[in-house]
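There are structures below to look over.
Paired with chain B in one complex and with chain C in the other, chain A is shared by the two complexes that follow.
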Partner chain A sequence: MTSGVVAARRTLPRIALRPRLRRRELGLLLVVAAALVVGSLSLGATQRTLAAHLNGDTKPVPLLGLANPGLLAIYLGALALAHTVLTVAGRRTDQILLPTVGLLGGISLLLMERLPQTLAGGLGGLAQTQLVWLLLSLGLITTLAVAVRNDAWLRRYKYTWAAVGVGLLALVLVLGHTVNGQRLGIAVGPFTAQPSELLKVILVIFLAGYLSENQPLLVEESTRLGPIRLPPLPYLAPMVAMWAMALGIVVIERDLGAALLFFLVFLLLLYVATARVSYVALGLVAAAVGGFLVYSLLGYVRTRVDIWLNPFADPNGAGYQVVQALHAFARGGLIGTGLGNGLPLIGGNLPIPALHTDFPFAALGEELGLVGILAILGLYLVVIERGLRIAASAPDEFRAILAAGLSLVVGVQAFIILAGNLKLIPLTGITLPFISYGGSSLLANGLVVGLLIALSDRGAELPPPTPRRGNRLRRLVDRGAA
Partner chain B sequence: MAERPLLLGRRVPIGTALGRVGLALAVAFGGLALGAGYWQVIRSADLSSSPDDAAVIAASRQVLRGVITDRDGKRLAWNARDSSGEPYRVYADPSLSGVIGYSSRTYGNAGLEAAWNAQLSGVASTDPLFDLTRKFRADPSDPEALQTTLVLSLQEAAVKALGDNRGAIVMLDPRSGDVLAMASTPDFDASALANPTTAAATWSSVNADPNLPLLPRATQARYVPGSIFKIVTATAALGSGAITTATSYPQQPAAEKTGLLVDGFRIHDGHHPETDGTALKFDEAVEVSCNEYFALTGLRTGGAALADWAARFGFGQSLPFDLPTAVSQVTNGGGSFGGGFSDEVELANAAYGQGETLVTPLQMALVAAAVANGGVLMTPHLVMSATGRNGTTDVAPSVWRQVMDPNVASEINAAMQLAVNGSLGRKYTFGAQVPGLTVAGKSGTAQLDPGNDPHSWFIGFAPADNPQVAIAVVVEHGGLTTRGSPIAGEMLQAWRAWANG
Partner chain C sequence: MDPAVLALWVLRLLFLGVLYAFLWSVVRVLLRDLRVAAREPGAALGRLIVLASPSGEPAVGTAFGLDAIATLGRDVNNAIVVDDDFVSSAHATLTFRGRAWYVEDLQSTNGTFVNGSRIEGISPLAFGDELQLGQVRFRLDRARP
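The block that comes next holds the complex of A and B.
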């Protein structure tokens, strides 16, 4: 991230301000603001009613009022500011992503306002802390969307990025502290961070560079191992490396979710680059083999899978969180209990301990119902669709794969945790983008969206010619294409 | 190729590949939607009504249990709220622990809290009509407040009288079966057990206590009765006509010195020098608690008759009471001799309360109550009325059994008066006398295995000519100092103070 900021600063002097109205973004943001105000009104009415009930008041409660007007005003103000900055900057960039992500973040803010404030957060409670991270994330999105006009710093130094990624992994090993048996975070002083969130962005940048550079060769060539036709070595090597890295993350960092995310995104990008189903199939076979290995060898993976297969076998022990999440979905039903009206406290504790990080979807499923769930799924699909659209209209292969990878990393991550919440796949401990509590996740996903918006600039200058590194074949193919 | 630079030797353009990836993700998210639909629509009803559901658990923890009061309306158990707003039980006094029990979120319910849990928590009603229409009501939960028959001051007095001893006291109104006091010592702090902040520590300490404070001795502990069982033998003998009050046994005075030879086994009894050489009649035998007399009476009555008459008092079955009771027994049963006794020796021993006879304090209080109430045994009960949303439902006193004829009851009553007030009897029941109140009663010293001090018993009632209170007292291993009688006297004084307002 540091080098990104440096690079962005280097491009700053070239920004020329030509304000351009972003009507569609403005319209959608107004809809988002209206939706969040309605949500806050609903939450406010519920909270006042419940509080009066607990105090034994029998007098009618004034129902009209926002839940936490200050927080909502700051958040909506930040959205408006982001919109204004983008308008003033005047780039012809995507106008859908900001409102979509803004709504997801707003839903997160409402959820955090509604949860017990003592759950986490050092800045005066859960909601206030989450708001700070949301604001920083919006700031990151806006900065990147305005400032990134040149992708050379991304495409040129792909091995540097790979080195940074490996360094991050090593950092986790050295400084990593264990949370719930997973070595997910690094702690520096009072701050903890989850490097895998940043790592996923770096991985996408590296893959975009690598796959786009080797793409022409890969489509034609193949490696023969006896009678078996394998992908050409330049694809086989990263596939083996990715597979090994994913296994390493599972074994050493016990982070099943990140491993799954990285490998799936890799396979999807491989398909985008080559359009070869057989490579993806080979990758899936490798994943199945790896999955079987870790299942047989690692107790914690086996536990996860066993809980997934039958959480009701031990509903008050190992399967507790998963079962309670399913109960929360069931309580919500079609239209939900309403914001603030679900999640019954037992002894002052939430029924699902890791609700704000691992199970926000269960909470939303209970309080917003199936209708709300479908809407949220739709929002993620919009993010994916916008990213793939930006990829499809990209001027070259690198940008196409980069944009696709950035949107997939959000979409696949959402899918993995949501499917885990719904007991479609084993539960993993990764965050729900833009909704889960936590700074690492919000900043990394802000980075993704900021880059996507920047990449969508239709008026962007063409990238400088990629420096060649003596790839004769590549040069031949290029010449032939030209 | 020049128009489609991104094809670059690909089979499909990158846009198509991106479209397919998008389609795959859309299908995956469609799967999520179906999964959500499965849990939120198809499984919604059964999951959200299961007892594991957090809302069901939370609702049960939010229930404000009905308040329990004593017969004068003093609160015995009510509710407080913890920091999270969930209610927990508070009890007026630890002395209630042996009868009211406790209701704890973590450790469940005991005592009256368990027995009347359905009414107290509002899932069942004392009013049968309400129960029938429950499912049609908008709010089917209706916790009921219970007014018990207990008297808080008597309950406190009972535990205070027992002091550091282990034991039990049951005091009831023989005319109605109302239980006025039902104490078990050592007691425990039920409030500390119900309070979530102190529950765990209290639970482990009461469970580690070798004196078993959690055992409700009045209903659940079985003791050797000793001489108080002679009242049962007397009822059987007089009721069956085996003896009259004039019956005496010529061999009895000599047997006091040498032991009574029954079937080759010698039954010994402490010699009564005051009655040296006199063949005692029934009254006198009760007054001096003559074991030989009752051994002979038991043999004359026969095992079958003794067992039958004991069963009329409730022996051999669980008592019809609010709380679960241990079954009192005359004999282990299964013997070839009449009534389940194994032989004449066991019958003769059982007739004066040794043998294999085991009784609960409540059972012996009922024996006293039946005699006191002219032979009519009222059903013992703890709850006078239950008040729910739809008003108060009274629990009316009911006759359980006519145990004996009134004339038999008055004969035994007279003998028991002599046992407390007679010039010889008062030596055995020292401390049971209450100035200005005619007490009738019978003491007992239950011999145990060698090395264990005997249990000290007293059962009785007052006023003897118009009984309004019956009592049973047992002090574990209190026999050498005969603690039972003075505690009974203390309790009857406390009762009189309460009855006189």
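The block that comes next holds the complex of A and C.
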């Protein structure tokens, strides 16, 4: 009878739930909870004082009280739930990404509570809607971190993923509606989705598959162009295709930010896969040529660059957003004005248009100051460090490039929009990961972090290698050996 | 100073302080992590994991750290001794050239297989590929830093 039980156990798929304590994650989550409670107290006290001041009350107001206890409690509960699920699942995965992302999301929630609630969002206000998206994003992270045990479905169908990506691009072309001159979103019923957020994940998956498969060929330098050595010409095609795709996004969808993000991530991954500085240099030259072309041919690109070079030429018109953001950073100074104490509405309008999606960093810079935004930059650096560590300890090239790409896509996106807000580079309308308002952005970045946590599992099985086709490879190798 | 204003200041600074407390604890964990990784022994170029070995020498699950050149075979003078009846005394050589691994079959009696197909002469070996000598199967993994 015992042997029967054993046999039955062998035939069943093994679902081994061995709970494993995650002490580091728990400790860090406690710090996150403390930070969010203190932030909420600070916001509540400031808001109450301001309200009393506006009403002309002179008697002291009760200071200690959370800004929006319900929302905060739900968010912290969701973080605790995610931690519990990961503990029960018991995989040996990364314990730092969840608290870091949880803190970024919490800061986002505080910011959305502080902004006028009528700004956007159908579910009873800005903060409520953002909370719902944050919860969905946390759910996605947890699900992927528990359920993804195998990456064969990612690596085997890389051309299918590429086709899905191209399809998404085409969908935007056909169904896209234009916001502020950019063709970014597709509207499905009451929702608008931004496919470029999903597209960046698909791009990383495709590039990881392509570069890991062709890595030996890409480092083969058989083509020589003067002093520059290039890989075999057919394998240059994807680079040219990427360049053309980035230009296409700029020209047709008028989305400068996504084009910049995709091309930078592509160059970074090419470097990760081949360690050839010359390819990156070549890519940068191609980007410079492309940049010059779109600058001289497209009016809206020229406007962006002109605003960047001198926003004060038209401070109440074209340069308004950028000028107001600079003023916000200046008002913030070293330690900021305090949460909730930033500049109030000007005549019923936000001081900076599209603050909740494109300029959250300016709002945080005003209320938390230089010290605060340096801490937030530090959080993004932690995400990148974790991703690169996961990449470094990955067992094979595909996982290494995938992990590096997933963390870099978040990091580079944060860098592009931060630099845009600070007028270091021309402003591009992409979101700040985990802080900007918006469902597409939160879900896509949740997908990224969930996959990263799943990939960090050292015990996860490698799929069996697929038999190699490469006749071309053999020819090249024979030539090299001869 | 007005106690209310003071309380607001304290809360503001406390929030910034807790943000840095989080960063500090993360950085401490990361540094410890890096130190542990630096202490782990491991070859710089790659590792060969034994997947299947009917004779038990090498044992399944053994991980060999690889130098730039590693010879495989039944003879005890090989870098990796494979004691299997179907393996020649000098069976194959693994070499790391440029940025990639290559395997060369040393005209062994029963051949060397990469991902199930028999190789002739030199063949590239990517990380994650399976290498088979006789009845012994290996997988080439990236080295852990």
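A few comments on the model shown:
Methods note: the second predicted complex is superposed on the first by the 442 of 482 C-alpha atoms of A that agree within 3 Å, B and C clash if a C-alpha of one lies under 4 Å from a C-alpha of the other, contacts with A are read in each partner's own complex, and residues count from 1 in each chain.
By definition in this document, a contact is a pair of C-beta atoms (placed from the backbone, for glycine too) under 8 Å apart; a residue touches a chain by one contact, two chains touch by 3 or more.
Model, not experiment: these values are computed from the prediction.
When the two complexes are overlaid on their common chain A, residue A:284 makes contact with neither chain B nor chain C. Of the two partner chains placed by the overlay, only chain B lies in contact with A:424; chain C stays clear of it. In the superposition on chain A, A:136 makes contact with neither chain B nor chain C.
When both complexes are overlaid on chain A, the residue A:392 reaches chain B and chain C alike.
In the overlay built on the shared chain, the residue A:380 is in contact with chain B alone; chain C does not reach it. Of the two partner chains placed around the shared chain by superposition, chain B and chain C are both touched by A:400. By the touch criterion defined above, A:41 reaches chain C but does not reach chain B. Looking at the shared chain after the overlay, A:323 reaches chain B, while chain C stays out of its contact range. When both complexes are overlaid on chain A, the residue A:49 reaches chain C alone and has no touch with chain B. Within chain A, the residues touching chain B in one complex and chain C in the other are 215-216, 219, 274-275, 369, 385, 392, 396-397, 400, 477, 481. Those residues of chain B that touch chain A in the complex are listed here as 1, 5-6, 8-12, 14-22, 24-26, 28-29, 31-33, 35-37, 39-41, 43-48, 50, 52-55, 57-59, 61, 82-86, 105, 196. Interface of chain C with chain A (complex): residues 4, 7-9, 11-16, 18-23, 25-27, 29-30, 33, 37, 98-100, 102, 114-117, 121-124, 126-130, 139, 141-142, 144-145. Those residues of chain A that touch chain C in the shared complex are 24, 27-28, 31-32, 34-35, 38-39, 41-42, 45-46, 49, 60-61, 63, 95-96, 99-100, 103, 212, 215-216, 219, 274-275, 335-336, 338-339, 368-369, 371-372, 375-376, 378-379, 382, 385, 389, 392-398, 400, 462, 464-468, 473-474, 477-478, 481. Across the complex, chain A meets chain B through its residues 54, 215-216, 219-220, 268, 271-272, 274-276, 315-316, 323-324, 326-334, 343-349, 351, 365, 369-370, 373-374, 377, 380-381, 384-385, 388, 391-392, 396-397, 400, 404, 408, 411-412, 415, 418-419, 422-424, 477, 481.
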